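The chains carry the letters A, B, C and D, assigned in the order they are written, with residues numbered from 1 in each.
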């Protein structure tokens, strides 16, 4: 069960891949390799030396000590870990996509461009926006695209010097303030009210001259729809601020309400959440942004989407060709070198094509249904409570708190998580949102079976029972995973922290005692 | 860890695959479905009802409780469980192969036919034969093709009435006698001598008028080259009998000696052994037969390969096309409806193409090297001995015996096998060949690492130590597998035997008490 | 050139490993290990290397792929796929099926000789057996034969063992002719008789009256295929079974499993043995293999003892605590009974059985009905449309997914039509005039879920055009 | 039409499950659960269903595949692949790489928030970090950025944090122009300066004298790319580093990892930060993404604290018995520090990092050298052959795998040449006269292990023919 590190495998001289020999005619013609000595590598990299079978065994074994949606429920709140349909995997792996160079002649990639063009249009309709740009590589990248657009907006309107603040609720995803900061804004936090909505008084007290924009996710990380959204939009627009929609939680309202209709100006989407693309252990993702064609400068005929960064596909009626348009004169620029993360975008395209509007609405309905089913099953279970929004239905997720258990017997959200692992489940997102103590932010999505949700709830109840009868036991969890509880403190301790094998080797030789 | 049966999963009404709705225009035109009532199914089959994610999770989980070469050594003797190179997997999965109908116009499958034609030729050169036929679907199927050819030989020569016997050594694979019997022959067994060769006196005493042929594998299942092979060939041919080569063990001599050169008339090969195609948990395989163009009837111009069953690819010089030729006038017929098992054949093609003659010879060298390395490591280990052929080098495999251990402390070959499973290894073939008591027939192949062979030997030594110090412990093995030791007696007991869920359900309802 | 570079598929081929192993063994070079091969047959390295094997030297993957790619470019993949069946059908393969059987734990495993470390594989095979049993309404299914044809052959041989002493089998003329050829090959060494039941020239069904006159107490079994080779729902199947059973002959039925979504399963027809091909269940066509021979029987110990092939059974661990799987009735197999084995089959089509299991699990209880209905509608839509271009079905009886079309009236050989279709990028049906000369210029056209109405319309359009061009 | 058939991707969409859940919740219909959405924005079902989303109705896989297949047929895959680089190169992807990242345990996992159940994923990422560190000879590598360009941008922002107060970065003119554009986008909101170091018009290398005159105490970092955008081995790299370090500016190097088989690794050039793209390490081109931003630093706590992205560290279990992995230095990330995070990056390119790990493991210690040599020979063979048809390389300095070819002497726009190549089934190099007007009609041609001598010969033949046809 103990899979060695790859550096501990193999043997001197072994190889896993046969590189072709250079053709004799090339060798003869070219002669010896003539790299200037200052730039010539003098020793081979200290990479492991494995045969092909050892490589496949190693990574096969590693994969068996990993866990995804293919293995069971992964109810990480706000991550929308839904099933990733394999039809999209097959299509995304088509050589007619994989083997395209991004700078290839546009006429030779018309099929792909047509797909991307349609996806832009569909996402615009889904969000109620006018223009979608598929460029950003992740949700946070989309946020950055969005806040840079906000920045450009105020810049083009010559008011950037006073528009210094982005307002963000205290329940927001961590990337929101980080993105705002990356775009050079000051971040103002507003608190949530007990009903889960933004505290409107607090909001009103901070919105003003200096407000460049507001970033919120709706439904919120509490799984609650922001009931004052129209009022908020009005308030923001009154101060010429841009309303930004964090699309991470779109799975809770798709087909029932659209950001564009609520007054949002810019929204990013997470293709790898709402639209079925896999998360790949942390990426790749795709974070398109969709924008209202709000007029920025009517004289120069500039609309908001002109300010956004990235490429977009346009249809050229005169030639009947799809074309890629790079960032124009007013655009914020580029966020990565090429068009976008095509693979997840193809997954999203296939997902939407498969579902149609009927299917997407149904997705939302069942995502919400299963959340409320779970919440109901967890009502009045000793040790847990469900803070905020009492009496309100949840949307895509629900946040439990293990605070009673933590307070009463010292069993924490982390312990609960480990107890779930032992039952063969992945844990919810824990300790988030920050406004809920001992939070267990849980999102099953519509692709989970009701049976698994029931088992999950049962296990949470069982954990509670164990916690109250034998509070020291949870501290020994997990026991059924490939390793026992991991020493994270040691992992971070300056004397031990080991980010690479190279550092490990030097530590073993006593070379890192100084750190 | 307990994966339910698929019948215990899912829920009423669920589906895993969306079948398209018939087009309205078709429905309108065709009207209602008009199956005669005698032939109309009246209730849906009692299949499980699962969503797509449940199906993928179920079979993913099942796969994690399976073990192949990708997981570690599988030293099943005579099975040649070598690494299956994924380049062949990629090519065999090419839509330009997968999507071909076997009765498609030959002109539309020229690429495939060219590949098969070349494979026929290469295999002929590898075996020293004249003609190869790729038709048989497995080794035993190839054997059947071979013995049917032997039968046809004697039939065409009008001597079938007296040519009733096929001689087979006692060390032979079990399929040999079964195949001979399927072709209507009587099976005569000859014993092995202490040096591992066939007992020549015994052989001479049975070869005679009634001898239709002799089937042997060389190297034998003892991993020993038959040293009298030329004498045997002469003896057989003197009696107008056909010498048949069981190619299961070709990996021990490829590039060093060829069946054709040894006097064999017919040979089958196992593409899924020698040539790198995967075993797939029991199949599919491919068992081509290769034949000397020995004259059968010089007047009618019949050679031996004309008698063989199956299709072959021929090259038509006049048109420049490859063509498939079905069984001719003298052929034994067809063994399956279509050409052959294309997927494993493609694996074999890619394997041979990758290796070239140099590579294939090297394969054999290293297969033999690692066998003898292992044998050396296991010499003089208490509890085991190595019967037959003392002092001789092994070829592709070596047969250990746990008889000393079994006799002295009651720990059997089966117990040893389970002890290997606990160390994360697959076991050797046990209790085979039948002439070795408590046999552990072990074949690592050239694709195993010397390090794993060393670990394997270490584990065998450790098992011996445990056996002698605590002989009851091995009976509790395995402990680290997904289940403990399986009750095979119960599995076969008439009151319990349960070959399908359907039978299980009826048993539960008490409906099978009679059996 | 002696290749000395370590090879990725031979971990021991490094200088270091080589030396270590040679030292331990106590020899100087590998060649010494071959000292027992008689000099007369020992191949010289140069001699061997000169043989035409591959391109004569080891190649990298990249080179291999370049070479193979060039060849495969000469194959032609049709879209829509050929309108061709005859026992192999272009069906949709869900990517999950391919994914699961690509997982190394299944792909690279051997037959599960060590039960405890192979439970997942055995459970998958048990589930294949079980789901196939439900589809067929039979009790016991083995974990695969090579293909449909060899399944019939094995069924016939089994029938002779079960009805010891009887020496005759009746096969219908409207079964797949290639299947028949295989049965002949298997049966011939045993000196047994195969007789052919004629078919009704108008309906295309088995001629029941003829059967009655042919069957006798020497008949071990009667085989019937449905849909039969002409695609026709054999509505005489039940009657055939009754006639067979009356004479204590076994009823062997061959089925196209997809049709069982709407056709009566063999179990309900009281079949003793059911055979067929799992090719349609997510396997692809693969130019004819690997496919999956289905083999099923009723729960009857007389049958069980004579059944060929491997069977996985449900049991428990020795301590009785966990469910577990094991191979059962192994005594029938050749490892133990050798020449007395019920068959020589050993390597089978296990991975294809796993594929079929995944496929059946995806379709589930209602999927087969939906799929069969879709195919029925498509094929009948096509049948209805051919009359518009002056063509006709050969037989009158109700069919499922394929039917022979007569081109006798067109006035040219079918090969001319076929040629023209190819020029238009379409691959038509299977010419069957060779196997059935009485039908003349006739081709068997098949339809599946991959032949949309759009594709059928195109076929009709092109066929019509071609007939107008070349017909009389 | 309201779709009521259960959907395979929504297990709860059966009548039974629906009823059970509604009952437990205590509502009559799902729509009640949306009662908090203001009526003004609540979409009617019909209104929504009328929107142009997909084809306006749910489709089966089979239909989806038909639709997509039709579109993809309009793409053109070149064989040999385009002779085109510019930061993305057509490299061979070993099937094992694709296989491993297709395994659901990796593919469908999230960021390993729960360490104990994600050890395999974390070990794979740790091994990526570690192998990349060896290739680069750097100490710490993060588990991925989006791509090369955003890695440079993050490196530049990091340099400003590390050298607080300094406000200038020097970027070479011979870096990838698209990368530069990205850096500008990231940097602009912070009011920082980017200045361009010119290149030597004859050699194509960085103009070191110009650099000396530009660098000052306000310079936070100098970036250098090698091989540079013109494919040239920047033999001034070491000198540039020394100049930078003299002014306490950081040295950021961008590398094409495959070249490191024969080129000096950034660590030996004393780079503080090394960036690049893992696209060449088994990822495919994918029309530009997903790729893999490489980001590495030396082990220096001043750098570590400011480094963006996720890092997996080796540790043990709490009982100290087993090796284990955990995310380290998470305090830098936005979940905890929010607006004070070192970056906003969260979702990254983890699966691509796993792919690169498999690739690096396959190639191993000697494979990179062999691959780089092969590519070197092929590119230099091509460079030598172009003179035969009257073309010339633009720059004189030694190059690795690509080089700009001047078509100024041919007398037509490069687009004419390009067009003719396309007609012959070849896709030529990248026109760079737009980014570098001073070079005129110039195209950057790249070569990899997928461009065999045979393919290069064909290119030369066709190019020669085209030039004869259209040239003056």
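We take it that a contact is a pair of C-beta atoms (placed from the backbone, for glycine too) under 8 Å apart; a residue touches a chain by one contact, two chains touch by 3 or more.
These are the chains along with the protein names UniProt gives them: C, D = Probable glycine dehydrogenase (decarboxylating) subunit 1.
Note that the structure is predicted; figures quoted are calculated from it, not measured.
J.: If you tally contacting C-beta pairs, which comes out ahead, B-C or B-D? Let me know.
T.: More contacting C-beta pairs are found at B-C.
J.: Repeat of A-D among B-C, A-C or B-D, where over half of the residue-numbered contact pairs coincide, is which pair?
T.: B-C
J.: Averaging only over C-alpha atoms, locate the centres of subunit A and subunit C and give their separation in whole Å.
T.: Whole-Å distance between the two chain centres: 46.
J.: Using mean C-alpha positions as chain centres, tell me how far subunit B is from subunit C in Å, no decimals.
T.: 18
J.: Report the inter-chain centroid distance for subunit A and subunit B in whole angstrom, where each centroid is the mean of the CA atoms.
T.: Each chain reduced to its C-alpha mean, subunit A and subunit B end up 48 Å apart.
J.: Tell me, which residues of subunit D touch at least two other chains?
T.: Within subunit D, the residues that touch at least two other chains are 7-11, 17, 58-62, 65, 94, 96, 98-99, 102-105, 362, 449, 452.
J.: Please list all residues of subunit A that touch 2 or more other chains.
T.: 11, 14-17, 19-20, 51-54, 56, 60-61, 64, 69-71, 83, 85-87, 89-90, 447-450
J.: Residue numbers of subunit D touching subunit C in their complex, please.
T.: Interface residues on subunit D, with respect to subunit C: 8, 61-62, 65-66, 69, 79, 92, 94, 99, 102-104, 362, 449-450, 452.
J.: Which subunit A residues qualify as touching subunit B in the complex?
T.: By the definition above, subunit A touches subunit B via 1, 11, 51-54, 56-57, 60-61, 64, 69-72, 83, 85-86, 424, 447-451, 480.
J.: Which residues of subunit A touch subunit C once you look at their complex with the stated criterion?
T.: Listed in rising order, the residues are 11-20, 51-54, 56, 60, 86-87, 89-90.
J.: Under the touch definition given earlier, write down the residues of subunit D that touch subunit B in their complex.
T.: Touch residues, subunit D against subunit B: 5-11, 14-17, 58-63, 94-96, 98-99, 104-105.
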